[in-house]
């Protein structure tokens, strides 16, 4: 039996990591494996977090900190802090209120949210509860007509940017999920994909190669097709290579999200914070570069900004807050992270986001190929 | 008491590593020590696996993956995937069906198998069940006449290549085996060596040096002698040094297998994946270079191919499948690994084996001396 | 229930580390979290200690060691050894005798002590018991008039130097403390700050930025103001950056204490021993450079001196001695450390403090950016 | 209660490490702490062993190994293998037969032994049982006349070389011993030092500096004095620095033993295998260089020889064999190590000791400053 969500947040919850055991007790084994697990041996999953600790910080003292602020502008939107909620599928696995709890918490703290194509709540319902910028995460589906419909629905509902996930033409090798025998429970489904034309099932002999799914996987031409389809800003999520970043810009993309899909796609990819410097250099300030993967502390955000990220996204941490305590849990996670970012900036001597650069990192830092 | 083999493969078996505990429960302590153990402190045994994790991968997105394939041609043979079953002695220690189960599974998945000189099944019986290319692993025996007989039997039975193991003039220091007091049980023996002339036993005073075994150990002259003896392709297995690789080519060898005998010979040798680049450079494409040791994931195969291997061999993983579930276990191991290879290629953007090169590896990779 | 202080020091107490478990048993959970804990994930806390082990030593043999001594002169004061007691707040949390036990032990071993602004004993009482040099640690308070009073009281009581802590404009993120729900118990308070004008409390909506505390945090101008206020030598504690060190000298400071606040301020700062060489180079012998953080052995002192420190401060170790056994515990900690320093010098061939330089470190040392 | 020595060596004893738990069960807690412990945090003790694993080996195959041998000549003495028994004090702590069991085992396997000044058996009795070369380890005592007597006794008893330990002017900081409250039990004492003039005890106030022991510690002048005193070959044991090695040669020494006193003197010294290359380079073949510290495998000997050592000494391993099973245990330890050395040579392709050079080490080796 899983425990019910908490009615009040316990006083010992001081950091994002404190939500993890509280969430685990409140999710089924399968849902936990699905949300918390990564691909293969989960090397990338661990590395996303571990790599931040290899980047020691630099401290400057006695600087004037009056009037300090974390406000930023991103794709024409004003954000209270450079923190967004990453797209996470099926949030009803974590809490009965699912995406609605998340969007309400995001609104309360004036934080942008990226809703998932695989949300367990209609994207129009999510939008109806939004009080802060809302973006829509899109998988280009084998059914291209349905994909057009999704874009039109997002536009109509007031979503302000598209985040196209490009690193998962097929699902990663999620052994933990497989071992737990995870399947969506009754009442949780990809409600936004109802009515979509499905591919024929693969023959029993077939592995991946030659299967319809892979034959219909999106390619650069599909990105160009999508670019012609909408005037919303488009960001590509799942870019980890400088050459791909350059190609994205050439294809008219408005932003890059450096992501290894939270360690859920190709196990063995480096931590996103190690990939970031190369992407930032290739992008050369043409468009904003965001990062997701492994952010657990305000000081991690400082490190990402130091390497040139414009903002970061968090995924699992807010879903753990959601599972533990619903909307108040999500709001608390955001609030902790913003407070930690302010503290890290104050102690390292930065008064605003724009002034954060590599000087925030200690010379003792090792292990990063710029 | 050991458990009987599984009648069906449990649904929680998702990766090669999942077979290891299942196998252990089904083997005697001695057999387990013999199969799973390595030499000395087992540093090389661990390092074979650990070194792959020091080689992060590179991902390219949105590439056209239609018509993707893992097919390769090797020494004139067409293979469904660049994966072979390495020679492993005495497979009846793992399962009563021994090598016959293995060759049947290999045939079902169109996978090449290398039968061991020390097979517990007559090599003619193995060949009678083969439906995919079959190679023969040979130790050059002190009894050179018997060695000639072995080659003639392999030729007659339809084996298509010889794999000569050169890194074990004497057995490695297998402490785990010694501690377990391992001895072959009744009904398991080197049936293919029956009738061979044995060396006189060493005197009780004698250690290794001066003993007949070492005095009769094969040397390069024996390789040249063997080369003159047969028209089958010959590969040397156990090459870890570039100079030895060059000498093998000069001696007319048709291929090199970079192997440290699965960590069972000289403890302290580097991981094979660390040795591979130097060998590939020395060989300069004159002959195919294969690798065995530590392959546990499709992404490990991708790494080996990235460094120039033409194919890889797996040993312990399929023997664990055999111990757990007989032929279906072996087949499942091969199928998992092929599916993982396809997935790793798809996610990193490769459509065929020939196009895999060092660009498959991330710049963040460390710890390899090329 | 916590145990009472020890009446005698057990014979198995041989090193500073042996006091840690003895102290823990004698402190409340909250006090233990407050004293022993660090900021955030406590990376810096661990690293302060771990970094010393990455600096192997060099040994010279058969040198003449007659007349060896650890005496040093620092800011015109003669010290028996280059070891000072760092400022630690609220020492009555560790033992009812608090700071008085510490100053008595320091006097017995002729060791300088730095009393904290947040001492739980009036600074005049501490001074009344002093038999060795006494320094005063100062936080520049938002109430600048009260700050002037503190300086005047310290001067009047005979304190011989001011140590201004500059790395904590706000408290660090001390999660361990928060989780333990630490609050000062009855009878323990910042007695030296009674009567100080407090800032208005922040609004409930507000995080750190914009709050009065940060708006009134001390800056370089305040240091210059303080410099004009007193003729006592002033050292800045919490300098970790070479540029800040140069600025401190330009502001007329008499010494630098390289400190990351014992890992209690910004988690992610490098170990102080890794920061030391860069500061020493920037200071170029203009003023003495001291180090605190992670000193647990006499050989750690040798390492710090080798990199150019004039002396070191210890914090938690003597507080653990205090908690375990009161004044005798503090005295024993100092005595162990001095004996270890003498032994490390004898075995590495140094006869006096002045001759210790980088030649004390082995060429095998790694991981230090000088 | 400790267990009695084994009457027969169990069949599961396959490596030196297998003797350690057997010895521990047969020694008092204090004796175990004394023999097995190291100085301080035991970093050097662990590092002595760990450093060998950072030196991967190189394998050459198919070389002619007929007539292979481990014989060497050292200071005019023929040795069956480049392995000596290091001086270890008070061997009756391990087994009632003490040094006599050791010398009998050494003789049985034609292995040189270095008897300790602090032997618990008269050096004449040890010599009376010797059947292989015997050396004498000497501490230059504050009582120089007694030191002369010791040398004369060693000469008279047939000892063939002097090993002067120079890295312990005072005892190391052996916390483990202190914590265990170790003291020599009745019937175990430094019998060869009976009658020696002792120094006055230090005053209770005094630490190390200024104490008579340190004031009378041996210096280079004493080495020169000793050189004039005897025609026996003299080796200095405890040299870890190239400059000290050069000075030893200038002082007429006949050999160098690179040793950090088994991690019992100055904790923080690098592993001896890391120090060896620098010493070998400084010595430039003028005299033989030996190594002790951390040898647990035949392959470790190969590594030491690869870096230029002429031979190695083992300490704790044979004492563990002694504690477990008396003379047969010591003999078994020697035999295992010789067999392992032969095997390591055979597998890496070396036929004799003289041909072993750096080519025995893999290019992948890391962490050594040559």
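To keep things simple, chains are lettered A, B, C and D as they appear, and every chain counts its residues starting from 1.
Note that in this section contacts are C-beta pairs under 8 Å (C-beta built on N, C-alpha and C of every residue); 3 or more make two chains touch, one makes a residue touch a chain.
From a predicted model like this one, the values you see are computed outputs, not experimental measurements.
In summary, no chain was found to touch both chain A and chain C. Residues touching across the chain A-chain B interface largely differ between the two copies, under half of the numbers being common to both.
Among the remaining chains, the Cα-based centre furthest from that of chain A is the centre of D. Here the CA centre of chain B is 59 Å from the CA centre of chain C. Between the CA-based centres of chain B and chain D the separation comes to 42 Å, rounded to the whole angstrom. Among all residues of chain A, none touch two or more other chains. Contact annotation for chain pairs lists A-B, A-C, B-D, C-D, with touch applied as defined. Within the complex formed with chain C, the residues of chain A that make contact are 11-12, 14-15, 18, 53, 55-70, 297-299, 335, 338-340, 342-348, 362-364, 366. Remark: chain A residues 40-41, 43, 47, 166-170, 172-173, 175, 178-181, 207-210, 214-215, 217-220, 222-223, 236, 238-241, 243-244, 247, 260, 265-270, 274-275, 278, 367, 369 touch chain B in the complex.
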